[in-house]
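One chain, subunit A, appears in both complexes that follow, with subunit B as partner in the first and subunit C in the second.
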Partner chain A sequence: MNAPVRMAAPPIHIEACSKWYGQVLGIQDITLTVKQGVVGLLGPNGAGKTTLMKLLAGLLRPSRGRALLFGLPVIDDLQVRRRLGYAPEHEGVYDELTAREFVTLMAELSGVPRARARDQASAALVDIGLENAIDRRLHGFSKGMRQRTKLASALVHDPDVILLDEPLTGCDPVARANIIARIRALAAAGKTIVISSHVLYEVEALTQEIVLVHRGRVLAEGNVYRIRELIDQHPHRVRIECDRPRELAARVLGEEHVVRVQFEDGAVEIETRSPDRLYDAIPRIVLDAGLAVRSLGSPDDNMQAVFDYLTTATPSKPGKPQKGGK
Partner chain B sequence: MSSERTVGATGTIHDQGYQRYEGVRLPRSRRFLVITRNVLATAWKARWGVKLPLLGAVLTLVVSAGIMIVMGQIESRMGGRGGRLLRADTVLFISYGFFSLFGIILAATVATAAIADDLKSGSFQFYFSRPLRPDDYVRGKLLGLFVLIGCSTFAGPVVLSIIRVCLAEDLGGAIKLLPIIPKAILLGVAGTSALVLPAIGLGALLGKRVAAQAAFIVYWIVISGFVSVVAHELRLPLVGLLALNSDVNVVGGYLFGMPSDSGSPEPWQAGLAIVVFSVAGYVALRRRIRSSATAGLGGV
Partner chain C sequence: MQPVMILARLAWLRLWRGRTKWVTALLAILPPCFAALLMTEKDDAVEVWQITLFFALRAAVLLAVAVHLASSVGDELDSKTYTYLWSRPMRRSAVLLGKLLAIAPTVFAAFALSLTATWLVVFQDQAGANLEWLLRGLAAELAVVIAGASIALATSALVPKRPLAFVLGYMMFLERLEFVPFLQQISIAYHASAISAAHPPSFVVGTATSGVIGILVLSTFWLGLAIWRVENAEYALPDG
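Take a look at the complex of A and B:
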């Protein structure tokens, strides 16, 4: 029997959730709904990411509010946990067991019958690229191999919601690429995946949808580029490499939205309050002046910039997060 | 103020052949057996502290059975004169001392670490993010440890008692000897409980394997011995109740008709002490697991 399916209920819904550890605040008054696809849970260390993950995994009871999976409270409803796969940040694996034995154990705990669990464990491990180490003891595994074993244990019972806490930590580039490809495939197959990380480029490789947590609150959520556009107190930077950067700068400074220019070696970095108008102006200026442009790009157009802006600036209204629409 | 937010890709979901598993699932009521199997599997793979005592228990069984057979032949030649039953029971009772010793090693190696290691490594996150209740976990761990340690402290005396019955010269003799089987079972249950529950409770309380192992060994070897001597020398049987090994001995001696020491507590008192220690261990275990299951323990 499967858990009762509430089709209308979103895979993840957090309702006014707060968690305190004694006097220490874990998260504060977070309300969030996550739909199908990959969502990056971002934030510096200690921001409250793991607390949020554990609330969603049913490992923490909220001090206030509710964490729901498919409309059911995950802390109290065991049935709905069958639809959940969680790969924690910490180790917690049994070194004495082989990878296959460990993942089989996890499959059985999720209700997969013993006769089938072993096959599913093998398939999950092969899927994640551990086919050559499937019967090796975990004791001899590298950090990256352990990460992949944990990932396999989170996927082995075919869950609908997958929570991955820092899943790429310690992985070599090949393993990283393998895991990223696997996560993308899962998302394409209709799963809801929440990935917690403080390494932004990892998340950027997977999704543009983010929830940015800082000091226990949601600072921003939605599409990362939309969020960037909403940060109007920070001018957008555009970097242009060309043969005559000073001439380009002189012409650009005539635009009223340009607030600053800065020269680098063979390049000029322009700060503007209206990126769209600047991008319209640049081709015209380049053609008029006959400049030879080698490259054009924005150092702000990535998660790191968004992350830095939101976490280093003092939020003027912490209760009103930036919201990036789609 | 909280605000409603929705994130997540809402684009096209590509069908890649994903199909939900719709087959039979392991009933939740039997999920504790998965934990039990894991206890046995990890114990067997992990430590010589498990294999050697189990080998010792098997050797004790073989030697004791051999002595029983030899004694039976001697008694048979003597024409059945003089306390045959008493001597056979004596072998069983004495052998229990060895079974108990191997049980102590097993408990110190595995039972004290059963919860402490999971607490330290963060395994709870794997367990309790799945459809598993804390009580299932407790049941699974306990059953695994009872089976493992019971291989020495329960199976040893019970198998010997069965061998003893089988060695009877005729059916009447066998029927007469039958009561030693339930006696051995009782002794096995008491002895196994006295090892498993306090040991696992200690591990749950202290949360660190080495500390729990040290405390357990110090208790069984130093404190118990000291308490037994003090109780015996000062004729204070109630003080002797604090020594679990002596409590088990008193119960065993009573069951197998061994003469009791004047400084020993009454058998019912010793039995009650075993129950109290066991319940205390169980309560410590259960409280720790129930609180830790939703405390978000993530390793240290």
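Take a look at the complex of A and C:
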């Protein structure tokens, strides 16, 4: 009687899960269901993303609640882990092995028969763009190459659920494009993929579905554009370094969405209620005034600022996730 | 059993390509050299064999096993490679058993060669007539490798930080209980002496059978403790 229930169970379900490391909180009371496709797990460093990933990978036992893969507790059910691929955040690998040996052994440990494991490992490494380094020792691999090797080891046994902890960290643009293309292909093939990152634009390149984690809790979940809207409801700062910041400020103040300007050394910081409209206006103003812009950026383009906005927005409901909607 | 075999291959590859194998090679050279040196001082070949084996089993073999296995868990934790293994469909203890399966036969083989060379150095043209000394020596070596490996693995699971220091401390202090009546039962060396019959005449030991039983009990206890600990411990530290 259990089989139909398990067939219908979502690939990932976390049920009122909490994890403490002694007195230190990892995650607190997280309930989350992930269906097919790519979901981005976003949060600043120390938010609890890796703890959540380790709970889902069966590396940690929840202090309270359950972490289920296809309806089965991943910490206790060894067989369900055949359907799991996990690429951890760290760079550690077995340096004495070649990439092919490492991925072959990982394939065998995931249940791939020895006769097929080597071929599947080779194919996984070629897929991820490591065909020229396949028989080189991991000891000499760059950070980006290690990232790709880890990814190959997570994918070699064709798992249904793939957990990728900061998969783009340390990758050069070519490797990054390669990994993004591979993840998109896996999503198109019907896999369930969870990607953690502390960089919003990395996740935006891969999915529209995100879960925001902050201080061990899910702060918001849903469509990335809705999350963006939530963020954009709050003033957003843009910092521009140019040759005549006062002239730029004078022109920008004509825009009705600009709330405040502030001068710094050779730069102006503009606070706006509509970042998109400000980013549209800036090139026009710069061209009209003939300004020489040295740099343009937002002090708010980091996850901590995003979470500061959201935690300020929901002070009365700590830990209650905002539904982003679809 | 299959994950254990796969992990044994992994451990073997790492051993073969790593540096610690040279520690074993160096330690394995010591007994025949020590015996050759003793031969210049003493005329009694049996006494030289007994003294050499007495120290070889207590120091060189135990140390070689400890060097390879004491950091079995700590190495995986430090390099975080445990995350690749324990997220796979396998029992956590397979990591320990795989390393045991790769390392123990290797150390045994290295010291089997070493003790055979020692036996040839000591008994020379009388070696054939003294084969029993070699066989009992090899049996005692096997016992020390198995029991020592079990203790090293238990230490690695119980004390993943600085496990080698703990194993060396064990060897230097607890193993010396071999000279204390009753408490000597927890000493590997005491039972090894019973199996090898290589000990000072004043040192009272049990029979070879009691030695084998003692080693089996010790190995089962320590290996069981190692498996229990690694299956139930939570080694991960808080992180993002």
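Heads up, the rule we're going with is that the second predicted complex is superposed on the first by the 234 of 326 C-alpha atoms of A that agree within 3 Å, B and C clash if a C-alpha of one lies under 4 Å from a C-alpha of the other, contacts with A are read in each partner's own complex, and residues count from 1 in each chain.
One rule holds for everything that comes next: a residue touches a chain if its C-beta (ideal position, glycine included) is under 8 Å from a C-beta of that chain, and two chains touch if they have at least 3 such contacts.
Please read these numbers as outputs of a predicted model, since none were measured by experiment.
K.L.:
Subunit A superposed: clash or fit between subunit B and subunit C?
P.N.:
Aligned on subunit A, subunit C clashes with subunit B.
K.L.:
Using the superposition on chain A described above, determine whether A:Gly190 touches subunit B (first), subunit C (second), both, or neither.
P.N.:
first
K.L.:
On the A-aligned overlay, A:Thr207 touches which partner chain: subunit B = first, subunit C = second, or both, or neither?
P.N.:
After superposing on A, A:Thr207 lies in contact with subunit B but is clear of subunit C.
K.L.:
Which of the two partners, first being subunit B and second being subunit C, lies in contact with A:Ala57: first, second, both, or neither?
P.N.:
Both partners.
K.L.:
Regarding the shared-chain residue A:Gly46, is it in contact with subunit B (first), subunit C (second), both, or neither?
P.N.:
It touches subunit C, and subunit B stays clear.
K.L.:
Would you check which partner chain A:Lys35 touches, where first means subunit B only, second means subunit C only, and both and neither mean what they say?
P.N.:
first
K.L.:
In the overlaid three-chain picture, which partner chain does A:Leu109 touch, first (subunit B) or second (subunit C), both, or neither?
P.N.:
both
K.L.:
Once chain A of both complexes is superposed, is A:Leu138 in touch with subunit B (first), subunit C (second), both, or neither?
P.N.:
So A:Leu138 meets neither subunit B nor subunit C here.
K.L.:
Touching A:Leu78, do we find subunit B (first), subunit C (second), both, or neither?
P.N.:
both
K.L.:
Subunit B or subunit C: which reaches more residues on subunit A?
P.N.:
It is B that touches the greater number of subunit A residues.
K.L.:
Check whether A:Leu68 is in contact with subunit B, with subunit C, with both or with neither, and answer first, second, both or neither.
P.N.:
A:Leu68: touches no partner chain.
K.L.:
Give the one stretch of subunit B, out of 7-15, 169-177 or 259-267, that collides with subunit C after superposing.
P.N.:
259-267
K.L.:
Share the list of subunit A residues that count as touching for subunit B in one structure and for subunit C in the other.
P.N.:
50-51, 54, 57-61, 78-79, 81-82, 84, 86, 88-90, 92-94, 96-97, 101, 105-106, 108-111, 153
K.L.:
State the interface residues of subunit A toward subunit B in the complex, per the touch definition above.
P.N.:
Residues 1-2, 10, 16, 29-39, 50-51, 54, 57-61, 75, 78-79, 81-82, 84, 86, 88-94, 96-97, 101, 105-106, 108-114, 116, 137, 153, 157-158, 163, 185, 187-190, 192, 207, 209-211, 218, 221-222, 319-321, 323, 326 of subunit A touch subunit B in their complex.
K.L.:
In the complex of these two chains, what residues of subunit C are touching subunit A?
P.N.:
2-3, 6-7, 9-10, 13-14, 17-18, 79-91, 234, 236-240
K.L.:
Which residues, counting only subunit A, touch subunit C once they are in their complex?
P.N.:
Residues 21, 24, 26, 43, 45-51, 54, 57-61, 78-82, 84, 86, 88-90, 92-94, 96-97, 101, 105-106, 108-111, 153, 196, 198 of subunit A touch subunit C in their complex.
K.L.:
Flag every residue of subunit B that touches subunit A in the complex, lowest number first.
P.N.:
1-11, 13-18, 20-26, 28, 31, 34-35, 38, 41-42, 45-46, 121-133, 293-299
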